[in-house]
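Below, chain A partners chain B and then partners chain C, in two separate complexes.
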Partner chain A sequence: MEAERELRGPARVVLAVGVSIALAAGVLALFSQDFGSALAQFFLEPFSNRYFLGNYLADTVPLMIAGLGVLIAFRSKNFNLGGEGQLYAGALAAGVLALRLPAGTDPFALWCWTALVGTLTGAAIGALSGLLKAFRGVSEMISSFLISATVINISDFLITGPFQDPASNFQTTRQIAPQFLLPRILAPSKLDISIGLALALILVFMVVAKRTRIGFELKICGENEEFARYCGIPVATYQIAAMAVSGGLYGLAGALLVIGPQGRVIRGFSSGLGWSAISVALLAQGSEAGVVPAALFIAFLGTGSDHVMIGSGIPSEIISILQAVAMFFITARSLPRLRRRRP
Partner chain B sequence: MLPMPAVRMRGISKRYLPSGIHANDGAELVVERGSIHAVVGENGAGKTTLMKILAGLELPDSGDIEIDGKPVRISSPAHARRLGIGMVHQHFLMFDELSAAENIFFGLEPKSRSHILRMLGIIDSASLNEQTKVLAQAYGFAVEPSAPVRSLSISSRQQVEILRQLAAKVRILILDEPTSVLTKQETETLFGKLAELRRMGRTILLVTHKIDEVMQIADRVTVMRGGKTIGTYNTASISANELACLIMGSSSYEEGGPHTKTSTTGALVLSVQDLCSRHRHHGGTGLSGLAFDIHEGEVLGICALSSNGLDELEDVLAGFLTPSAGTFVFRGHRFDARRSHEYRRLLKEGKIAYLPSDRVRRAVALSLPVVDNFIALDRRMYFSRGWIRSALAQRATQEAIRAFDISARAEQPTVELSGGNIQKLALARLFSKERAELFILCEPTWGLDIRSTEQVYNRVQNISDVGSAVLLLSSDVDEILRLSDRIMVLYRGKPVADLTNSGYLNRTLIGEYLLGIRST
Partner chain C sequence: MSDITTVLVDILKYTIVAATPLLFASIGGLFSELSGMLNIALEGLMGIGAFFGMAAAGLSHNVFIGVLAAIASAVTASLLMGVVILQFKANLFIAGLAINLLAGGITTVLSQWWYHTKAVVAFSLPAPLPAFPAALAQIPFIGPVLLSHSVLTVSAWLWTLGAALIINNTRHGIRIRATGIHAQAVSALGYSPDRARMAALVWSGIGSGLGGFALGLSISAFVPNIVSGRGWIALVAIYLGRKKPLWIAASCLLFAFAESLSNYIQGFSSIPPLIVLALPYAVTLVSLIVAGNKK
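What follows is the complex of A and B.
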């Protein structure tokens, strides 16, 4: 099965990416008045200047961090479907903390604290699903999804209730003081230094997976639980830990958005990000390094469609179909010609 | 004119990528119709790969296949089935959550009697169960149709597998190491059925490395070594000893002698008192009132037919099943057997070393490379302060591969290994540990060839000679008689015999205890 993964994984991903790009072009041809300029807006404009490029790269940051979390949970055969709620709650916790800290706080300390609080919030929600699985046998897919749905509603209430900015017409918290926001690179775009953290995290998780006992034991738990028990690996602990890490990275992604590009917590601002992170993890095919190109691709679909929407008036929802098509091809069990029999 | 052979395979080669190991290298096979044909060879000789090619599970890199004289290219198991070829695997491939009946008739489901339900494609499980009963009776198998196969014992699962092939009306039935999971009596029953099928004109291919079984049941035998065919012989015109020499590629072969006590028994290691547990399988019995002592340098063999408590005893001693009552005394430390974490600590600290009987489910992670599986049990040694010691892991794995003669490379995915080689890997891993005080070996030679079996027997002798206690759980009476100083027999979860192995014991006597005809 290792061989199968090696031969089949990349082919499948290339096919999925290729088909979705071809479909994107097809959709543009169908819906645009001027096919040539729509094509350019979709494929070239995101790279055409510092501003567009920076915004595009900024979009990859939460996808990389949260996608990494989903990947870690996948590896231990835990499926975290609660990313939407974990990210949102992490963002809200971080935002509230940033608004409460006195104006004289050292910005670096504030970034660390908000990132930590966001992470812990997401981790606590993820760990809850892990605990339910380990001790009550509740499917983590169901519980994480349902808990997330609850958390989203509670967060919505908090944002529009106790934390609502009284001066704003939007459903949002107050603005975080500018000195507390992460420094931008490629100004005036919204790209900030958190992209460095995302890449560093990917590197750290790569090393942990390949070189450490924790990574090894997590892998064994995912491959064969009965064997893991035979080896004396505490399977329940790893179940809980994997869900906590996954939730924690979602929470961190949310926190970084709030002290970065967003600067406040707007109701529903992160909607869809949780699912996109799952797409990233699926595209990455179980490899930490694969998270980077996967996030670049998923963010590209989003950015390109935004450009086409503004330039040619094609609704960006059409592009979300393409994302679905890409996922369909990656997760499809059997593909013509690529099918290989299991030994 | 000679009758057309049922199967003719010529020049079959198969290489596994990415490891590049040749599983088959120009192998040949001719099987007469209506015969029982054995395919023998050591672990990794390429027997299973050749059979998988015939069953459409693997595509050969080169070679020709003829079925009933017609050249074919068998592209899938479904295609093989249309040609009348079916295979029962050593590691069963079935739907654990479905019932026996659903597994047997999968893809052939009889539709509902009611017209509307039939139009909706709904399966009438009552008639499915009924047909399973009829089929099982026709061939004399005892299978509970509605039980989920997950809950069945290993021998019942095999019966389901065979019935599945018979339900699909296969003419050429391939059985891969069918007796490795069966007791003597069950083997006799199976062979009776196979002879019956031969009389009905079916062709049977039997992959095995048990020479006595070849001599007993097969008409012809093909010997394989290193992926190549060595030759095909009539069993009537070859002796067991000649066959053993052909398999091993050596000119002489000496089977180990009967049991002789070489070590003296020392201090008490483990005492088990009044052990009770619930049953694990559907139709199993659980354990009631089991008690035994085991001393340094002693080999205690515990024997039972399937569903008589051996599985439950293994799971309790593996720390997988918490008993409902009982007491353990390990080296003078007495504790309640229900406090399973105390027992598991002994396993974790390496004081007790345990070899599982179900090697695919419990002893390895198939998708991981050999080296990962080798180091998985002894992580304290192969990780220093949490970091992997790759060089040490590689070296130790390669050493084990050499010492145990495993046909594999350290980086090879374990799934590519033959069943026997996986077992050798599990054994090598166990014996490489710092010396445990108690070794619990469950069915240690299932699926092993003669040479490896002898190796294992010698190792068991060695660890017992240096003073470790060995608890041998086995359904193989010959093995129990060969290795044990003391023999215990379980019947319906209760001990019915506790005997000293001092020469007067034989298979028939143990068999009577096993069947519950005799008790002490």
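What follows is the complex of A and C.
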């Protein structure tokens, strides 16, 4: 096409990252008293000491896990917009289980069980949208969003009703016993061993995608549904499974937050994470390995925003604007020519 | 009137009020749906319309200026979306999602900046203009349910009728529909499918902006997350109504009835409000499943 310039993957990522950082800097310039120190705070403070670095890395864990799930759904051409509810419900299911298990339970067994229950909760919610798409032709975007909205309301009720901590003024469940929480690394920061699980999962998904029949067939389903059908690939099964995996990883991300940094389920604690995971998957450009830098970047925007923006009176919701701008650029496939074509 | 009638009148009257934002938004969304674009940004566009509409109305103490600002802001956002999709060849759904995120971010940040709160911003506005003479509201049952509404509520129905006329009987409407059915054919006839899509997005913007503003006006305030899923419910109404304006209006009434009922139950029963709040989503979800058809 001569009317426009095609934008390739790497160019889009560079544009998205560059523009969102420039925008963040622009907002800082507008609102901070001392631009230089605000800039340093935004870009350097997360790396300035053990505590900040640990907290920053901890923020990447749910983004990597949930982002990986969104990526799998994308690969099968499914757009899971129910992450907010899947993560929240997974967190609540894991939290309730952790509170119910007897105090003498082996911590490792508890981690496994809660992670499993969180994953299954999210997977069931995600699979429901996949089933509705396969059997009723319902758009998975709309159904996953609406199911998520319903699930969030019900979870809110459960947290503030039956599972409310009677001793707390906050809307929260009781605290999970300290011996049941994941061991910290880089104390006193909130980083725990779940970061290892996140990286391992990414590795596993990479191998499955590259080296197994399942990974290959899923890719075909997403790239050309009709061709996949002719090849005898059970397309509907793959699509339902992809939504289930996506929901399951959201649920797992929620569960790990509860038995890790959070230690209990506070009403609305995960709000926004579901959307951030979509940004991560988009930035990763379809590559599992890309999830790591993408999560590092989105978490960086979040941490940076938290550090400086609050000090300058700007609410941390500025992160939504930065993410939206990054999304616009990551999805742009071409740049329209503003001037006449050069020879 | 007996107690049960009073309750019924209350629920039905509020059904009409609650249907207003849904009608505006879903009929607006219908245009882009017909042009071949599932517009998941209705939610965000409504939020933008609600915030800027209420802010302008509050500043000028004039509801009409609020209407203009709501339309202008939501149309600006949908033009931005149109440019990103049509000029930059962006993915429709990702661009829509970005608009939703942007709307949530911008309204909250500006609310903090202008009103120093992320919670409720209340506005004292002139009383809404009644659409009918006060005497009509005295008619038993029909009066309070149907004839006590404001000009804005009545305009939602005029908007629906007008849209039906435009879609079915004008060149503009036919081009938008044709673009959705076969863009290449439209192009071969010498018309621009992109222009039809852009126009459809503008209609979406106008409808969602008005819908958001109606929402703000109904509580005389702006709260972040004021839209709380109504953009998605409006989207489902398009499907449930099989893309026909009058059936969409009927679907909106159904969802508005669920909302009205859930409001009523919250006030007068022991069922926890948070569960009741899920009722409109659940009703919408069920109707989506019913409306869905196997490919």
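The rule is simple: the second predicted complex is superposed on the first by the 320 of 343 C-alpha atoms of A that agree within 3 Å, B and C clash if a C-alpha of one lies under 4 Å from a C-alpha of the other, contacts with A are read in each partner's own complex, and residues count from 1 in each chain.
Just so it is clear, contacts are C-beta pairs under 8 Å (C-beta built on N, C-alpha and C of every residue); 3 or more make two chains touch, one makes a residue touch a chain.
Model, not experiment: these values are computed from the prediction.
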Task = Have a look at where A:Y51 lands relative to chain B and chain C in the superposition and call it first, second, both or neither.
result = neither
Request  = For A:E226, decide between first (touching chain B), second (touching chain C), both and neither.
outcome  = first
Task = Could you say whether A:E317 touches chain B, chain C, both of them, or neither, answering first, second, both or neither?
result = second
Ask   = So, does A:S143 touch the first partner chain B, the second partner chain C, both, or neither?
value = second
Query = Regarding the shared-chain residue A:R211, is it in contact with chain B (first), chain C (second), both, or neither?
reply = first
Message = For the overlaid complexes, name the partner, chain B or chain C, with more touching residues on chain A.
response = C
Task = Within their complex, state which residues of chain A touch chain C.
result = 4, 79, 81, 132, 135-139, 141-143, 145-147, 149-150, 153-154, 156-157, 160-161, 275, 278, 282, 313-315, 317-325, 327-328, 330-336
Query = Touching chain A in the complex: which residues of chain B?
reply = 16-18, 52, 57-59, 76-77, 318-320, 344, 347-348, 354, 356, 361-369, 372, 376-377, 379, 383, 386-388, 413, 415-416
Partner chain A, residues of chain C touching it in the complex = 38, 40, 84, 87-91, 93-95, 97-99, 101-102, 104-106, 108-109, 112-113, 118, 224, 229, 232, 235-236, 239, 272, 274-275, 277-278, 281-282, 284-285, 288-289, 292-295
Request  = Over in the complex, which chain A residues touch chain B? Could you list them?
outcome  = 1-3, 6-7, 210-214, 216-217, 219-220, 223-224, 226-227, 229-232, 341, 343
